[in-house]
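Each of the next two complexes has chain A plus one more chain, namely chain B in the first and chain C in the second.
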Partner chain A sequence: MWRDASTWAAEAAAVFAKEWRCEFRTLYALNTLALFAFTTLVVVSFSLGPLGVERSAGSAVLPVLLWIILLFSVAAGLPRTFVQEEESQTAMALRLSATPSALFCGKLLYNLTLVLALEVLVTPAYLIMTSLRVASPGLLVAVLAAGGFGLATGSTLVAAIIAQARSKGTLFSVLSFPIFLPLLILAVELTRGAVFGDPGGVAVPVLLLYDASLTVAGLMLFPLVWNP
Partner chain B sequence: MKTFSAWLLWLWMCLVIVGAFFYAPIAVGFRSPGSSRILFFHVPMAWTSFLAFIAAAVWSVKYLLRRNPRDDRAADVAIQLGLLFGVLATVTGALWANIEWGQYWNWDPRQTSLLASILFYAAYLGLRQSVEEPEKRARLAAAYALLGLVVTPFLFWVVPRITTSLHPDPVVNQSGKVDMDAPNLQVLLASGLGFAALFFWIHNLQCRLQALSERRATPKE
Partner chain C sequence: MLTPPRGRGSRRPPLAGRHRKDGSPPTLQGGAAGGHCGYISPVLQLRFENVRRRFGRLSVLQGVTGGVGPGELLAVTGPNGSGKSTLLRCLSGLLAPDGGTIEYRENGHPLDAAARRRRVGVVAPDLAFYGEMTVGENLEFFARLRRMPPDRGLAVLDRLQLPLDRMASALSSGMRQRLRWGWALLHSPRLLLLDEPFQNFDAAGERIARELLAEHLAGGGAAVVANPSTLELDDVAGRLDLGR
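Up next is the complex of A and B:
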C-alpha cells in the first residue's frame, strides 16, 4: 500500500521534472506566456493607466483586465502541455510508463508553477504601470493563487481533450472559457474587493470549492480522456 | 400505441395552454399582470433544458461504462435539445424582462447562468465537430459533458446566491416553501410535465432519425 503510494508520487514527480527539463531546453512556454502577457499589459496600461482614465474609473476596470490578460496568456501557453506530446508522438510512451492520475498530477503541477510564475512576473508590473493601488494586498495574493490554481487545473484537463482533436488552438479557447467563467466571475469580484478593501465574504470559500471540484473532476475524468 | 401517446401529449399541451390563459388567475403585484402568464411556459422550458443536460450526463456515464454508441447518440441529441429549450427559455425570459423590468437584458444572475451553461454545451457540440473518429469523439464528448456536472451547479445555485437577483422567487423558494396559488401551481406543474414528455418524445424521434442517417452514410460491405 505504502509502496504503491510512493511509486505513484515518484511517477508524478518524474513527470513534473521531465516537463521542466523539456521547458528549460527551449523555454517555449515561459516565453510565450510572458511575451503575450507583457504585450497585452503594455497596451492596457498605456490606454487605461494614469494617462488614460481617471483613477476611480481605472480601479473599477483594471481588475477585470488583469484577469483577461492572465486568461489569454494561459490559453496561449498551456495547451502545449499535451499537444506537444501528441505532435512529437511521445504520448504513447507516456501512456505506457505512467499511471494516468500521476501523470495528471505531474502535468497539473507543471502548469501550476507556470501560471504562478506568470502571475509573479505580471502582477507587480501591471500594478506599477497602471498605478493601481491595492487596499488589501493579502486578499489579492490569495485570489491570484486560488484563481491561478483553477486556471491550471481546467487547462490541464482541456489540453488533454483538445490534443486528440483537430483545430487544437481555437478549440482550447472554446472548451475552456465556459469552464473558467464561474471562476473568473468570482476572481474578478474578489480582485476588485482587494483593490477597494472589501473582505471577500462568501466568494472566497466558493472560489476554493470550485478549485476543489475542478481538481476532483479532473482526476476522475482524465483517465477516461487519456486512455483509448 | 406510439401515435396514441403522441396525440395524448398534444391534448395535454392544449389543456395546459387553455389552463394557462383561462383557468389560472391573473397574478397580482406585477407591472403588467397579463404578462405573468409567460411563467407557465418560460419556467418549464428552463426546467426542461436542465432536465436535458442531466439526462445527457446520465447517458454519458452509461456510454463510458458500456461503450455503446447508442448512449453517445442519446447524450448528443439530449444536449442539442437542451440547448434548444435553453435558448427558448432565454428568449421568453428576455421578452418578459423587457415588459417587467424595462430592459431585455439585465445581467440578472439567472439570465447569466443560463447563458453561461448554453455556452458550455455549445462548446460540447464544437468539440464533437472537431473529432472525426467516432469512438474517440464519443469518449472525449462524454468526459466533457460530465465536466458540466461540476460547472453547471456553480452557475445555477452558487452564483445566483452570491449576487442579488431581480427574479421572482423560485416556486420552491429559499425557505423551502411552495408559495403560489393552487390553480397556478397545478398549471405550472402540468406544463412542466408536458414539456418533459415533449422533450423525451422529440429526443426519441431525433435519435432514430440520426441513427438512420448514420446508417445511410456508412457504405455497405
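Up next is the complex of A and C:
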C-alpha cells in the first residue's frame, strides 16, 4: 500500500516538476498573472488609494478589490493548465501515461504555488499602495492561504472541464461563477474581519471546509472529465 | 520487411478481423477467420466484437470485429475517414465505443479501459510531446508517469538514434515519428497500436521501426497496424478492411 502511495506521489511530483520546467521556459502564466495583477493594482491604488477615498470607506471597499484582483489574475492565467495540453496535442500522451488523480494533484499543486506566489507579490504591494492597515495580520495570512487554495482547486477543475470545449473563455466564466461565489464571499468577509480585527460570525475553518469539499469533488470528477 | 517470429513451428490459428456493415460479408484477407472463440491466451489477447462509434450523426464504425493474440499482427486498412484511427483509439481506451465489446487480457487477467490505456503502446500521427522540453526530458517525464526507472528503454532510444538533448519542438517530422516509437516502446508494452507507423520516416528510420516491430512480435507481443494502403508486412495474421 505504501509503495503504491509513494509511486502515486512520485507521479504527481513528476507532473508538478514538468509544469514548472515548462513554465520557466515559456513564462506564459507568470507573465499573464503578474501583468494583470500589476495593471489592476496600479488602477486601484490610483483611484482608491490614500488620496482616493476616506480611510473608513477604503477599509470597507479595499478587501473586496483585493480578491477581485486575485480572482481575475487567476482567471487570466490558470485555465491554460489543461487547455495548453489539448491545444499542443500532448493530452493524448498524458491520458495514455498518467493516473488521473495523480495528474490532477500535480496540476493542482502547480496552480497552488502560482496563486500563492501571486498573493505573496500582490498583497504587500496592495497594502502599501492603498495604505490599508490590517489589525489582524495572522488572520489575513490564513485567509489568503485558504482562499488561494480554493481558487487553485476550483480553477484546476474548471480548466479540465473547459479544455475540450470550443468557447473556453465563456465556459470558464459560466462554470466558475457558482464555484467561486461562496469562496469569495467567505474570503472577503474574513479579509474585512482581518482589517478591522474582528472576524465576525465567519471563521477560517468554514473556508477550509469549502476547500476540502472542492478538492474531494475535483478528485472524484476529474477522471470522468479527463477520460471518455 | 518484418521477420517472422522464429521457433513457432505449429502456430496457433490467428484471431480474425472482419468488418460487419449492413450485413455485408466479412472482408478478411489472409489469416483464418473464426474457429477460436474459446481460445484464451496465457499471455495476452485482444478481442473486439461489433464495435460501433458515431460522432454526432456520422457513423464511423459500424460493427467491427477482430482480435490478435501473442506474436500476431492485425493489419487494418481503408481510405481516409474509414475509421482506422477511431478503431485504434477505441482499442487503446482513449475513446469509448457506442456499442460492442472490447476485451483485453494480459496473463489471463481482463483489463478495463483505464488499465488498457496505460498498458498499450501507441504510435499515432496526432501524438505530440512537450516542445519546451528536450527529447530526453520528455521521455524521462513519461517514464516517471509510467512508474519506471528513468533509464528504462535507453537501448531502444539508442537504436532509434534520437537526439536526447534536442528540444522536441526542433525535431523534424521524421525525428518526431522516431520519438513516438521510442515513447510507445518505453514501457515494453505487450500490445502495440500503430496508426500510420512508418509515415515521415526515411529509409533508415523505417528499417529500424520494422525491426523493432518484428522483434516485438517475435517476443510474443501483438500489434494492430492501421494504414490507408496495404503495407508490405510479413507475418500478418489477419487483415481488416474498413473500406466503404
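Going forward, the second predicted complex is superposed on the first by the 224 of 228 C-alpha atoms of A that agree within 3 Å, B and C clash if a C-alpha of one lies under 4 Å from a C-alpha of the other, contacts with A are read in each partner's own complex, and residues count from 1 in each chain.
The rule is simple: a residue touches a chain if its C-beta (ideal position, glycine included) is under 8 Å from a C-beta of that chain, and two chains touch if they have at least 3 such contacts.
It should be emphasised that the depicted structure is a prediction, and the values quoted were computed from it without experimental measurement.
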item: When chain B and chain C are modelled together on chain A, clash or fit; value: fit
item: First, second, both or neither for A:Leu121, with chain B first and chain C second; value: neither
item: Which of chain B and chain C A:Leu181 touches, first, second, both or neither; value: first
item: Chain B versus chain C as contact partner of A:Tyr210, first or second or both or neither; value: first
item: Inter-centroid angle chain B-chain A-chain C after superposition on A [Cα, multiple of 10°]; value: 90
item: Chain B versus chain C as contact partner of A:Met129, first or second or both or neither; value: neither
item: First, second, both or neither for A:Thr7, with chain B first and chain C second; value: second
item: Which superposed partner A:Gln164 touches (first chain B, second chain C, both, neither); value: first
item: Partner chain(s) touched by A:Ala142 [first = chain B, second = chain C, both, neither]; value: neither
item: Partner chain in contact with A:Ala98 - chain B first, chain C second, else both or neither; value: second
item: Nearest Cα pair across chain B and chain C, whole Å; value: 6
item: Chain B and chain C footprints on chain A, overlapping residues; value: 228
item: In the complex with chain C, residue positions of chain A that touch it; value: 7, 10-11, 14-15, 18, 21-22, 25-26, 88-90, 92-99, 102, 223, 227-228
item: Touch list for chain C against partner chain A, complex; value: 92-96, 113-114, 117-118, 120, 122, 124, 126-133, 137, 141-142, 144-147, 183
item: Contacting residues of chain B [partner chain A, same complex]; value: 64, 116-117, 119-120, 123, 126-127, 130-132, 135-136, 139-140, 142-144, 146-147, 149-151, 154-155, 158-159, 162
item: Interface residues, chain A side, partner chain B - complex; value: 157, 161, 164-167, 171, 174-175, 177-179, 181-182, 185-186, 189, 202-203, 206, 209-210, 213-214, 216-217, 221, 224-225, 228
